[in-house]
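You will see two complexes here that share subunit A, one where it goes with subunit B and one where it goes with subunit C.
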Partner chain A sequence: MIEIYLFLIFMIIAAVIAIEIKNLLAAAIAVGAVGFSAAILFIILQAPDLAIVQIVVEILTVIIFVAVIFRTTDIDKTVGKQLTSMQILGIVFYGFFALLFIIISERILNTLPPFGSPIMKVAGEYIKLGLPKVGGTNIVADIILDFRGLDTLGEATVLFTSAIGVLAVMRKAGRK
Partner chain B sequence: MGGMSLIVRRITEIVCGFIFMYGLYIILHGHLTPGGGFAGGVIIAGSLILRVLAFGSGTESERMLSKRIPKLMSVGLLIFWGAAFTGLLMAGIFFLNAPIFGLGTPFHLLSAGLIPICNIGIGINVAAGLFSIFLAFAAVKYFMEE
Partner chain C sequence: MLIFISCIILFLIGLYAVVAKRNLLKIAIGFCIMEYAVNMLFALIGFKSGAIDPVITKVDMPHNFVDPLPQALVLTAIVIGVGTTALFLSFIVRIYEKFKTLDVSEIKKLKG
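And now, the complex of A and B:
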């Protein structure tokens, strides 16, 4: 259990570095550190499916970031500027609401069941019925493609739509 | 985007096909072992991206691929939607799987009814989609130039 908290603290530090550093290449590497820590967390929590997806998607994301940075610029011009008074006011308001959110969510999180015994009883049914009803030995594939097939259908459609949107923005044919 | 040095190109020629095969394995065994359509599709897209990074984006095969990729993406999504609609057409229930196609023997490649077909559709869709996003954002200046 202690290693989970160690990785979480490391992820928070890397995320803060990614926002605050001036060199964009270093920021992209810090984002990669956050993602790979998440992948190791999934392995510790015994979710190899999620770990595979997290690792390959993180590699792809960092490659795309680095390629874009090489084509444009690697200096973040917004870091280290003098803050205007309205921005300071905004930060104060943001801190106030974050504090309020933490206080309220602390009271709500106290009512949740402990780690490892979820509220959703349907998950146990899925695990029991996965092999006899669907037949796949990978329980995750059984759930996302049979019990929860509609979710995956929507997800694939969203990915298709976003890729089509990117192609429509970056195309040359038909452009004026 | 230009290519890289001779060492990188040689290593890429050797490794690229194996990565592609591993992605196919992850997709086809998605209902037996960890992985599935999404993870395998991203691995296949990664092998194609490795080729573009090593050899540069100006090659002729890349230009051919960039014209066909939107069609490939549509084919993947249509396979998935078709798999979902077969249950509706044959028994009147959307996404009906096991009662029509049978469970098969566990741990065999042809089992679990429609799930391998769904995995293949998602794999084609994800591989083509992510590779086209990479080409459009990072590699070529304009996509689909005529």
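And now, the complex of A and C:
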């Protein structure tokens, strides 16, 4: 229980560092710290599939960030600058919105079951039928590949669409 | 309860970067942090104390598992997240090649 809080606090600190630091390469590494502590938290929360996918995706994300920083610039020139009045107004409004968001989400989260005891009305069926109907021993793999296979089809569609988008934006031929 | 609120705070830090920062890479980092916060909230909702991960290893073992449904949804969301981040960053590279800056307040000729 206490280790979950420790890792969440570490994630929050790393996120603040990633947003406020001047060197963009250090910001990319801080994003990596957030992602890898998320992977460790997934292991603590008994989700090994999520931890594996998170580690792979996090390495990919940090590599893409570093490649983009090498192609552009690695100093954030907007950090030490004087704020304009419109920006200060925006930050004040953001503060009000954040307070409102926390209050509303506190009310909504109170309607959820407390931490550590989920309802599992749908998931109970999946756990019961996973081995006899699908034949896979990993229930998460049963769900994403069979019970909710259409979700996975949509995921693959989004992934390949974004890959086509990256190729179309980054290609050299045909540009002036 | 407090554990869910700390996820909401992580989400709001990412939203602050998207709203208030002027560097495009910082905005991309904010999107990443928001994704992590939402994924973490789902995984925390599905956690059951004293349960094991949802993998059947013996034939007649008791089915005392954590909730596998949020894990399946988050698995989809993580993979989609890296795709959208890659697309966002490729747009950032193009914008830098055209305007030679990452400051959104200096990028004004966004037409054509």
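The definition used in the following text is that the second predicted complex is superposed on the first by the 170 of 176 C-alpha atoms of A that agree within 3 Å, B and C clash if a C-alpha of one lies under 4 Å from a C-alpha of the other, contacts with A are read in each partner's own complex, and residues count from 1 in each chain.
What we mean here is this: contacts are C-beta pairs under 8 Å (C-beta built on N, C-alpha and C of every residue); 3 or more make two chains touch, one makes a residue touch a chain.
Model, not experiment: these values are computed from the prediction.
Peer 1: Taking subunit A as the common reference, can subunit B and subunit C both be placed on it without clashing, or not? Answer clash or fit.
Peer 2: Taken together on subunit A, subunit C would fit alongside subunit B, as the superposition shows.
Peer 1: If we overlay the two complexes on their shared chain A, which of subunit B and subunit C does A:R171 touch? Say first, second, both or neither.
Peer 2: In the superposed model, A:R171 contacts subunit B only, not subunit C.
Peer 1: Scan A:V31 for contacts with subunit B and subunit C and give back first, second, both or neither.
Peer 2: A:V31 contacts subunit C only, not subunit B.
Peer 1: May I ask you to decide whether A:G149 touches subunit B, subunit C, both, or neither, giving the answer as first, second, both or neither?
Peer 2: first
Peer 1: First (subunit B), second (subunit C), both or neither: which does A:S117 touch?
Peer 2: After superposition on chain A, A:S117 lies in contact with subunit C alone.
Peer 1: Determine, under the contact definition given at the top, whether A:L100 touches first (subunit B), second (subunit C), both, or neither.
Peer 2: neither
Peer 1: Looking at subunit A, does subunit C or subunit B touch more of its residues?
Peer 2: Counting residues of subunit A touched by each partner, the higher count goes to C.
Peer 1: Of the partners subunit B and subunit C, which touch A:L6 in the superposed model: first, second, both, neither?
Peer 2: neither
Peer 1: In the overlay, answer first, second, both or neither for which of subunit B and subunit C A:I63 touches.
Peer 2: first
Peer 1: Touching A:L89 in the superposition: subunit B (first), subunit C (second), both, neither?
Peer 2: neither
Peer 1: Quick check on the superposed pair: does A:T137 touch subunit B, subunit C, both, or neither? Answer first, second, both or neither.
Peer 2: After superposing on A, A:T137 lies in contact with both subunit B and subunit C.
Peer 1: Once you lay one complex on the other using chain A, what is the shortest C-alpha distance from subunit B to subunit C, in Å?
Peer 2: Distance of closest C-alpha approach: 6 Å.
Peer 1: Quick check on my understanding: which residues of subunit A belong to both its subunit B contact set and its subunit C contact set?
Peer 2: 48-49, 53, 57, 60, 64, 68, 71, 131, 137-138, 140, 144, 152, 159, 162-163, 166, 169-170
Peer 1: Sort out for me which residues of subunit A touch subunit B in the complex.
Peer 2: 48-49, 52-53, 56-57, 59-60, 63-64, 67-68, 71, 131-138, 140-142, 144-146, 149-150, 152-153, 156-157, 159-160, 162-164, 166-167, 169-173, 175
Peer 1: Spell out the part of subunit A that touches subunit C in their complex, as residue ranges.
Peer 2: My answer: residues 4-5, 8-9, 11-12, 15-16, 18-19, 24, 27-28, 31, 34-35, 38, 41-42, 45-50, 53-54, 57, 60-61, 64-65, 68-69, 71-73, 76-79, 87, 90-91, 94, 98, 101-102, 105-106, 109-110, 112, 114-118, 120, 122-123, 126-128, 130-131, 137-140, 143-144, 148, 151-152, 155, 158-159, 161-163, 165-166, 169-170.
Peer 1: Enumerate the contact residues on subunit C facing subunit A in the complex.
Peer 2: Within the complex, subunit C touches subunit A at residues 1, 3-10, 12-17, 19-23, 25-26, 28-30, 32-33, 36, 39-40, 43-49, 51-57, 63, 65-69, 71-76, 78-87, 89-94, 96, 101-103.
Peer 1: Contact residues on subunit B for subunit A in the complex?
Peer 2: Residues 1, 26, 30-36, 38-39, 42-43, 45-46, 49, 53, 70, 73-74, 76-77, 80-81, 84, 94-95, 97-98, 102-104, 106-107, 111-115, 118-119, 121-122, 125-126, 128-130, 132-134, 136-139, 142-146.
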